[in-house]
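Consider the two complexes below, in which chain A is the common component and chain B and chain C are the respective partners.
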Partner chain A sequence: MTEIVVIARLVPDLVEELEIAPSGTALDLSWLRVIINEFDNHAIEQAIILKERSGATVTIISPEAEGVEDMLFTTAAKGADRLIKLTGIGEEKPTNLSLAQTLATMIKEMNPDLVLNGVQAHDDITGDLAPQLAQLLDMPYVGYISGVSLDGGKAKAYKEYPGGILAEMEINLPAVLGIQSSEEPPRYVAISKVRQMMNSTSIEEIQSSELETESGVVIKRMYLPEAAERAEMLEGDEKEVATKITSILQDLGLL
Partner chain B sequence: MAVNDIPQHPPFTAEFKESLFNIPEGEKIQTCLQCACCSGVCPFGFAMEIPPGRMIAWMRAGILDEMLESDSVWMCVSCYACTEVCPKGIPVTLALMTRAKEEALLAGNVPTELQSALEFSDQYSNPLGESSRKRADWAEELDFEIPIIRKVKRPVDVLWFVGDYASYHPRVKNVTKAFAILLNKLGIDFGILGSDEHSDGDSQRLAGERGLFEKLAEKNAKILSRCEFNEIITTDPHAYNAFKNEYPQLGFDFPVRHYTEFLVDHLDEITPLFKENGKAKVAFHDPCYLGRVNKIYEAPRQLIEAIPGVELVEMAHNKSTSLCCGGGGGGMWLDGFRWEKAEYRLSEWRIKEAVAVKADILAVSCPYEPPRFEDATKAIAGAKKMLVKDIVELIVDAIDI
Partner chain C sequence: MTQDIFLLIEHIQGQVSDISYIMTAAARKLAQKEGGSVIGILLGSGAEHLKDTLAVDKVIYCDHPALAEFTSDAYERTLVSLLTEYSPRAVLFGNTTLGADVSSSLSTNMEFPIVSSCIEVTESGSLISQICGGKIMVESQLADKTTLITVNPGGYKPEAGQSDSTPETIKFSPPDLENLKVKLSQYIEPDIGDVDISQEKVLVGIGRGIQREDNIELAEKLAELLGGEVCASRPVIDQGWLPTSRLVGKSGKTVKPNLYISLGISGATEHTEGVIDSKTIIAINSDPDAPIFDIAQYGIEVDLFDLIDPLLEQIESVKNESSG
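Showing the complex of A and B:
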């Protein structure tokens, strides 16, 4: 049976207004609410699609956070087989490298054919968790994948490049893939099914090894985007505003 | 751990058919005469491949799979027109259409637009995808304090359940503020739940998400059981319907009134406040969940007729034959889907009727309606100058605040 492992992270929900902590170098976590990382959600969907297509065992691993159980049960309702909560995550976000080290130790024992992770997260825009994991597992890594199929010991995946270029790649398994999007949008699963899973499924807890929070990169200042004062507001009724726009465009030589 | 089978798309099985008979009065489906009144009266019947009457015929013939493949059920606006018209008293909306949506949803056949509204309802307790912490932000736009029960920590006479669209939608917030102004003016001892309030879940239920409805109902019941109040009032007929008819089935009993019923009881105090108000012809649109479902036809009309200078006119479809604005049964979240299928908006049909009776104002009393009908006035000839106003806005406009 094909073994697929998906790493799913919860990230700050941007529906809430972000606030800077009094330190001025971090987000105020007390006001933060977390939500599944969109790219990881696509990675989950891709894993379920592969399971539907040719059979697989899907394991979801998520670092602990508020609401992680609900998220894991939702993946079970979609078809995930094994749910793992990674405990021992402190207040401060661990570095990707130390998270990758802990995950690599766990994942090695699972002997997966495929490890999927969202290609980035909005608190990890450089998306280096998956490549670091691949390095530690001694597996190939390809990122920006939209669509995967499995054939024998190989995966066929579509990698997106800027400028609308799509590459079809053949990757030797086992491999780590950074998912940009699944073949189909993440499915909806009825709440009644999620609730059934809460009663019939369990979440395994695995303690992480000591996690580093210092990466050598020092945040000197964190701040919300500051409004520049270059905009000029045109006052008046529609006709006056239109006249002003026309004259500005004329002055710029555009009309 | 056993390998978890992926839920396959189960067909509409004989089990589904049998399950309909377990719904109160559901067994009446067996008495269907095939008169097709339900399909004929359905405002979207023309756009359904399998309208309700045919659904029953196919079930009898054992053709069940095709029903799931068809997306006809997602055209249903849960307006109760079919239930109202059925000569055999079959609860078509609840026992057939809603159950069919539930089955389709369990099988993963959900239009994408609806999917996000349901996900938002679960994540943020409102289908609009707004922060639940901002649920009472509308109150900051008023020059007096709106008591939030968790903060004031005292019993109130009236608990005002504000509702989703009334809390967040920019147009509907005007209605909400008008109602707050009126309650304040009348000296009513009231309070709101603020960010502790969750979507009532009724439209999600009618869109086939029963589990989500139950989850939301449990959350509301939990917070309400900690508050002391004499009754709930709401401007939202869907919330009203949830508290009146659905929550009690889950064991959550709270006395509730729609604001039109509540204000009729206060007419003696409102009437002396009215000022000279000009003249206007007002047509009233009966919301499905106030009128047909809960039989409240007179209270809104009494309020409208009490406003000075107002002449109430009836449109071709009124009271039990009222049309749907298109927002029910998940319609608020299926506009694109339904336009693709039918290339028609039910709200425009209504505005044509309001034009036909030369109404200056279309009066409404449901938070789904002001934006839907206002948009429709822009599209229908002769409706450009027509105003769409909630009854409470008409009242507040006519008094000195």
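Showing the complex of A and C:
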């Protein structure tokens, strides 16, 4: 049976206001709302699609964070077979390298054919996780993937280039792929189905090894962007604003 | 370790990508601080001439049939051997479909620290990165060993890294490139689609804020009244609500209309790099901190569904007046 492992992480929800920690060199994670990394969600979907197409066991591994259990049960409702929570993450965001080291030790024992991860996470500053993991697992890596099929010892994957060009890549398995988008949009599952999973499935906990939070690159500070040249904000009620926009459009010669 | 600043020149199908010039400009700043030269790494097959337009001091060129087009495995093997020999101060990669495939794995392989998403190098040699969809800035410094940096567009114009004077070439012999684990089978050109948004004069860009497929009609109405077309950010395309030919940004098209109206788009750098050259940008978003307001000339903090009807009415009435 094909073994697929997906790494899924929670990242800050960008709809919320982000704050800097008192240290001045990290995000303040204490009040932050986190949601699944969009690209990891696509990676999960791609794994489930592959399972439905030709059979596979899908394992999801997620570092612990507020709400990670709900996220994992949701993946079970979609069709994931095994759920693992990585514990011992600590207050500060670990470097991707040390996270990759812990994950690599776990994943080696699972002997997977394919490891999927979102191509990027928007809060990463120490490189991307998936290619670092690939290196430690001694597997090839290809990222920016939208669409994968498995055939014999190989994966056929479509890699996105600017302008909508796709590169069809042939990759020897086992491999790590960085998913940009799944072939179909991530599916919706009803809350009732997730609740069922909470009663029928369990989450395994695996303790991570000691994680590093410093990479050698010195982070001097993190800050909110200085409002350089902000847009001129049009104020007023909707009607007034509509009038203002219309007169701008007239000035531009569009009306 | 030398003080030289290296950069990986990116090219696809015989064309040097803009990010190569942008990296050249950033590398120049860093080299001024560190006191070394700016050196481009060019991997290809019969591609040495691609160096001609870059404002680098030297180019290290490695020629091999397996390097004709980018694949992560062949590039990585070559770069490991090249960087081991030259040991530069820093190496810049595009945070792109090419650069991001090799930079992070090289960093792990060679134990070189890596910094992501750099847009600018300051006078004092600090690196400024932009993360969290443009909502957080990070200032960092090179580590005390060779440091890898991925570069996002935004800080420098490509022209700043271009030059007419041809840089000197140093040839580098390729390592063993047999039994590669990644092969390029073919490029697949995109469906042209019904319109070429890169040629449109007026565009209405739709983001996740549009919420439902049915609502796209509202944006289409606005575009139609202005003689333009609709385009979209990635989430809208990934939902399958509009074809990929309408995608704007890093993995889509770069557009340069006279007017770009964005509806419910946050302004993540991957999107804005495709719209930054629009003449006028009007951004409509309910979040006052949305980064889109940093690149727009006009902004409206409002629920787009409250604004769209009065706006359509206003435009229609002005149009009727002028035609009647």
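Definition applied: the second predicted complex is superposed on the first by the 225 of 255 C-alpha atoms of A that agree within 3 Å, B and C clash if a C-alpha of one lies under 4 Å from a C-alpha of the other, contacts with A are read in each partner's own complex, and residues count from 1 in each chain.
In the analysis below, a residue touches a chain if its C-beta (ideal position, glycine included) is under 8 Å from a C-beta of that chain, and two chains touch if they have at least 3 such contacts.
Quick caveat, the model's predicted, so the values are computed rather than measured.
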Which of chain B and chain C A:P185 touches, first, second, both or neither: both
Touched partner set for A:F39, first chain B, second chain C, both or neither: neither
Partner chain(s) touched by A:L136 [first = chain B, second = chain C, both, neither]: second
First (chain B), second (chain C), both or neither touched by A:E232: second
First (chain B), second (chain C), both or neither touched by A:F73: neither
Which superposed partner A:V15 touches (first chain B, second chain C, both, neither): both
Chain B versus chain C as contact partner of A:T57, first or second or both or neither: first
Chain A residues touched by each partner, larger count belonging to chain B or chain C: C
Shared contact residues on chain A - chain B and chain C: 15, 17, 185
Residues of chain B that touch chain A when the two form their complex: 1, 3-7, 105-106, 108, 110, 112, 115, 118-119, 122-124, 129-131, 133, 209-212, 214-215
Chain B partner contacts - residues on chain A that touch it in the complex: 1, 13, 15-17, 35, 48, 51-52, 57, 76-82, 185, 187-195, 201-202
Touch list for chain A against partner chain C, complex: 12, 14-15, 17-18, 20, 27, 38, 42, 96-97, 100, 119-120, 122-132, 134-136, 140-144, 156, 158-172, 175, 178, 180-181, 184-185, 215-225, 227-234, 238-239, 241-243, 245-246, 248-250, 252, 254-255
Chain A contact footprint on chain C (complex, rising order): 12, 17, 69-73, 96-97, 100-105, 107-109, 113-117, 126, 129-145, 147-148, 150, 181-190, 202, 226-227, 234-235, 238-240, 244-245, 247, 250-253, 258-259, 266, 268, 280-283, 287, 289, 291, 293-302, 306-307, 310-311, 313-315, 318-319, 322
